[in-house]
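Some structures are shown below for you to check.
Each of the next two complexes has chain A plus one other chain: chain B in the first, chain C in the second.
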Partner chain A sequence: MRVYLGIDIGSVSTNVIAIDENTNVVFARYIRTNGQPINSVKQGLRELSVQALSDGYEVSAVGVTGSGRQMIGLMVGADVVKNEITAHAAATVHFYPDVQTIFEIGGQDSKIIIVKDKIVTDFSMNTVCAAGTGSFLDHQAERLNIPIEQFGDLALTAENTVRIAGRCTVFAESDMIAKQQYGYSKAEIIKGLCDALVRNYLNNLGRGKVLQPPFVFQGGVAANKGIIRAFEEQVGHEIIIPKYFGVMGAIGVALSAKSQVEASGQPTNFKGFDCIELDFVPKSFECSGCSNACEVIKVIINGEVAAMWGDKCGKWSSSV
Partner chain B sequence: MKVSFPYMGCVTGFKKLFELLGHEVIMPEKPTQRTIDLGVLNSPEFICYPFKIMMGTYIEACEKGAELIVSSGGSGPCRAGIYGDVHKKILHELGYDVEIVIFDSLFENFGAFMNQVFKIKNKTPTLKVMKYAYLVFKMINQMDGIEKELKHLRAYEVNKGDFDKCFDKIKELYDKTYTLKQMKKTYAKALEMLHAVPVNIPPENKRVRIGIVGEIYVIMESSTNMDIEKRLNALGVEVENIQYISDWVKHHIIPRRFSKEESWKMFDKGYQYKSCNCGGHDMENTGAIVHFSQKGYDGVVHLMPFGCLPELITRSIIPQITEDYGIPVLSMSMDEQQGEANIQTRLEAFIDLCKNRSNKQQISPAEAANSKELKKEFAGIM
Partner chain C sequence: MKIGIPRALLYYYYYPFFETFFKELGCEVVLSEETNAKIISDGCKVTVSELCVPIKIFNGHVVSLMNKNVDYIFVPRFISIGKEWYCPKFIGLGEIVKYSIDSMKDKMLIVELKNKTDIPDRIEDYMPLAEKLNVTKAQLKNALKKAKISFLKCRKLSLQGYTIPEAYSILKGKEVPPPMQKADLTIGLMGYVNNVYDDFVSMSAVKKLREMGVKVITFDMLDENIIKLDKSKGKQPFWTFARKVYNAANYLINNVEIDGIIHLTAFACGPDSVIGKMMELECGEKDIPFMTIRIDEHTGESHVQTRFEAFTDMLKMRKGAK
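Moving on to the complex of A and B:
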């Protein structure tokens, strides 16, 4: 069976998925990146290779997205290396062709994508602060000693709301501590946090945009019921959560890889599951050639320098 | 006197002018991380980004012994109007004995303008000053013309880096040019060199064009905008910047009545959205977005320093322009805290958006072949 792979390397999670020719998801893994994107991709591919062997998959295309896309693209031999925004939109439009607004909240960035007639017409991405992202919730859950998986359900049990300053993570945290000292319950504080996160997100990213239903909410944070309810309250409309909300970026890029390979008629660049065994080492150093002091990233595959980037003048990147 | 000036875009013209006037030129360096660090350290925290970079450039020039710094001013609510005086104060506090001469528009205060000319003309006879000014004016015009074409062609370069090398050589050629007669030859040679660079131009319906508007310093000086033009070119997109130093000079020297400059037309196009200029180039930028839309561009990238007042006003008008004319606009603020990954993701997504809107998304066979080439390259390593 022909399958198309999508890999999304994010700051918090690495997602590896495979779709078949009829775009059914046949494999999906959500793996914590833990600052080691290469290992987490290898882990995902290893699990996939086991399933591929038993079910007889033939990989026909690979797409890579997320913040680590350039490096992992090199490692696996990607046919398509796409930015997260396009990838997310591609998946959502595929499952919900009439979608008009996509909310995506990931580990360290969040986006609003505006779609009209299946085409992205506008988007915005957080630039200044991480207050509206998953890492913030993760961190606060840890501080309150609540597993992040129970965070959302606990928020739903709150009877009262408490307003928490959501401008910035640091201020939100100090405000939260103050409210705890005033005697609010954990559930109320968590609900307050969810409200603050959504308020912050809509204020920062939704500014100057007309948000129209249907709304689709995806990204890892869409697992959080408290956030979903806060969204529904604040936009005043029902929110759709896709079945594969956590891996939509990976699905989107797999779809692009599929259409690219089909359009070009060329065989895939995929290096095969053997790439798991490759000795793939990224290294970075500060160039001392001039006072720009660029941080240059060097990728070494099996002892040989395969690619370099990050320099402003091209001294290193053109040397490979 | 030892003269220096801020580094903004292509500075060969300035260098030439001061050399001809008999000054010793302390060549400012293209802003590097050190320049930015120096500038940020010695500037007020919430001042605009260009101020900080110019501050760093001036300090570096003073370290090399500059005695006179020549720069341009600004009027209206834009803070560029206070740059000169504040820079001078900070430089004096740092212990550098340096004079700063600021040129404002010729028409606002003719007396002051001439006064500044006398400060820098260095006993050169007036007629000669005019002759030199004409030569330099013509030179920056030619160089800007070449640069404009380069930013279109670079999107299609076959070997990465060819155009940058070519333009460096062209700059060297102009650097050695001192008379009008030499310049004619230099220009012909430069054009020849530019067109000799191998390019792979796709059919007309696949070409994607992006306009760049925004605050003059961040759109002209590549080191302050993360090399945005090169990034866009690398994504296979032609770029048209609305600001060039020759345009600025023409706009400020030639009276409107005699001017055929596009900047004035853009001014007029901006008036449908606001009744007055709010300082800086906000009126031109508003008009320019309309202009690019009417010329059939696929999108516009709008850049501004973080917290720039005139450009924040432009930004607030952008949704309305997009609604009226249908042109997508990506607005980004630049400052020393900017991260590269974020900019790259937004640019890539924006170009996808523009291509999708104009239906230029299909992959050409050439592109597919290109990716195969890459594959072979990597296969060699494996």
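Moving on to the complex of A and C:
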């Protein structure tokens, strides 16, 4: 059976998925990146290779997205390397052709994508602040000593609402401490945080945009029921959570890779599952050639320099 | 006499003018090197943190010139064109430099420019230089005449679609490939010359977009007559270059087949907080995609790359659907 792989390497999670000829998802893994994107991808591919062997998969295309896309693209031999916005939208439009607004909240990125007739017409991404992203929640959950997995359910048990300043994690934290001292329960404070995150997100990213239903909410944070409810309250409409909400970027880029390979008729560049065994080492160094002091990234495969980038002048990148 | 010119701010618009001017007066012109990490970090070190990145970069270039053994560093004070004003930071540039870098007091060569037009050639403005440079009024007049010719030569190249750095290279006799005529996409890259053309600050925005098959149009590629102060268009932005950028965006939106507008702006820019929103609203009315790229001294290149990619992907998809 032909399958098409999608890999999304994000700051917090690395997602590896496979779809079949009829775009059914046959494999999906959500792996914490833990600062080690290469190991995470290898782990995902290793699990997939076991299933591929037993179910007789033949990999026909590979797409890579996320902040680590360039490096991992090189490692696996990607057919398509796409940015996260295009990838996310491609997946959502595939499952919900009439979608008009996509909310995507990941670990350190958050975006709003506006879609009309299956075409992205506008988008915005968070700029200098992480207050509307998963990292904000992670941090506060840790502070309250509540596992992030229980965070959302706890928010739903709150009887009262409490307003927490969500402009910035630093202020949110001092506000939370004050509210705890006033006697609000943990559940109420968590609900307040969920409301603050969504308020912040909609203010920062949705500013000046007309948000129309159907609304689809995806990204790792879509697992959080408290956030979903805050969204529904603030946009005043039902929110759709896709079945594969956590790996939509990977699905989107697998779809792109599939159509690219089908359109070109060329065989895939996929290096095969053997690439897991490659000794793949990225190294970075500060170039001392001029005052720019560029951070140059060097990728070494089996002891040989395979690629270099990050230099402004091209001295290193063109040397390979 | 050696005159240092910082490669910052309006260097990216008036350099041919001032280079010719000083050379005609028998001075040697020393230009600071292209903006690099050290210049930015030096600039940030000496400047109060509230100021915008372009000003910090200007100070960084001044610091770099101080090590180049020059007699004076040229710090023009651009005040007005007719009844129109420059950004307050241009007007106060002399003071900003003086109070940021202690040893600069006696090294600065300041002229106060109150031009009638886009060409800063009013002889009265330059008279204070006569004594310092030991030249006569007639010599100054002659130098300004030659300076104007150089400036207009450069403007002509801009109007043909060359970027300003390309135009400077051509003026120096270098070969430059002709401007892109046909392209998959045409995008108006709206921003001040010192942001758009400083490759370190803009992360080579023009180059990145061209590599994605985009024809880039900037305000300086449009005739001043098209983007001049025009009160019949309603209330105009208060500041010279803000007006140029805003009117250029307006012209592109209404008269040129463009696929989108990108506003490249520096963090903490006052004028841009006004015209950025105005451009966004104008684009919204005409259903032209608009994106803001905000840069500061900490901006990561991968974020800029992702946004450019997503924006051009979106424009291509929209075009394909039409």
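In the analysis below, the second predicted complex is superposed on the first by the 320 of 320 C-alpha atoms of A that agree within 3 Å, B and C clash if a C-alpha of one lies under 4 Å from a C-alpha of the other, contacts with A are read in each partner's own complex, and residues count from 1 in each chain.
Convention: a contact is a pair of C-beta atoms (placed from the backbone, for glycine too) under 8 Å apart; a residue touches a chain by one contact, two chains touch by 3 or more.
From a predicted model like this one, the values you see are computed outputs, not experimental measurements.
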> Is the arrangement of chain B and chain C around the shared chain A a clash or a fit after superposition?
Replying inline: clash
> So, does A:M125 touch the first partner chain B, the second partner chain C, both, or neither?
Replying inline: both
>> Once the two complexes are aligned on chain A, which partner has more residues of chain A within touching range, chain B or chain C?
In response: B
>> One more residue to check, A:N292. First (chain B), second (chain C), both or neither?
In response: both
> Touch check for A:Q266: first (chain B), second (chain C), both, or neither?
Replying inline: first
> After lining up the shared chain so the two structures overlap, which partner does A:I301 touch, if you call chain B first and chain C second: first, second, both or neither?
Replying inline: first
> Is A:D117 touching the first partner chain B, the second partner chain C, both, or neither of them?
Replying inline: second
>> Taking the superposition on A as described, I'd like to know which of chain B and chain C A:Q43 touches: first, second, both or neither.
In response: neither
> If you stack the two complexes on chain A, which partner ends up touching A:T86: first (chain B), second (chain C), both, or neither?
Replying inline: both
> Across the two complexes, what residues of chain A are contacted by chain B and by chain C?
Replying inline: 67, 82-86, 119-123, 125, 127, 208, 290-293, 312
> Okay, in this complex, where on chain A does chain C touch?
Replying inline: 67, 82-86, 117-123, 125, 127-128, 208, 290-294, 312
> In their complex, what parts of chain A are in touch with chain B?
Replying inline: 67, 74, 77, 79, 82-86, 109, 119-123, 125, 127, 208-209, 260, 263-264, 266, 269, 271, 278, 290-293, 301-302, 304, 306, 312, 314, 318
> In the complex of these two chains, what residues of chain B are touching chain A?
Replying inline: 32-35, 160-161, 164, 223, 227, 316, 318-319, 322, 328, 332-333, 341-342, 344-346, 348-350, 352-353, 356-357, 362-363, 365, 368, 371-372, 375, 378, 381-382
> Which of the residues in chain C end up touching chain A in this complex?
Replying inline: 33, 36-39, 199-200, 204, 267, 280, 284, 289, 294, 296, 302-303, 305-307, 309-310, 313-314, 317-318, 321
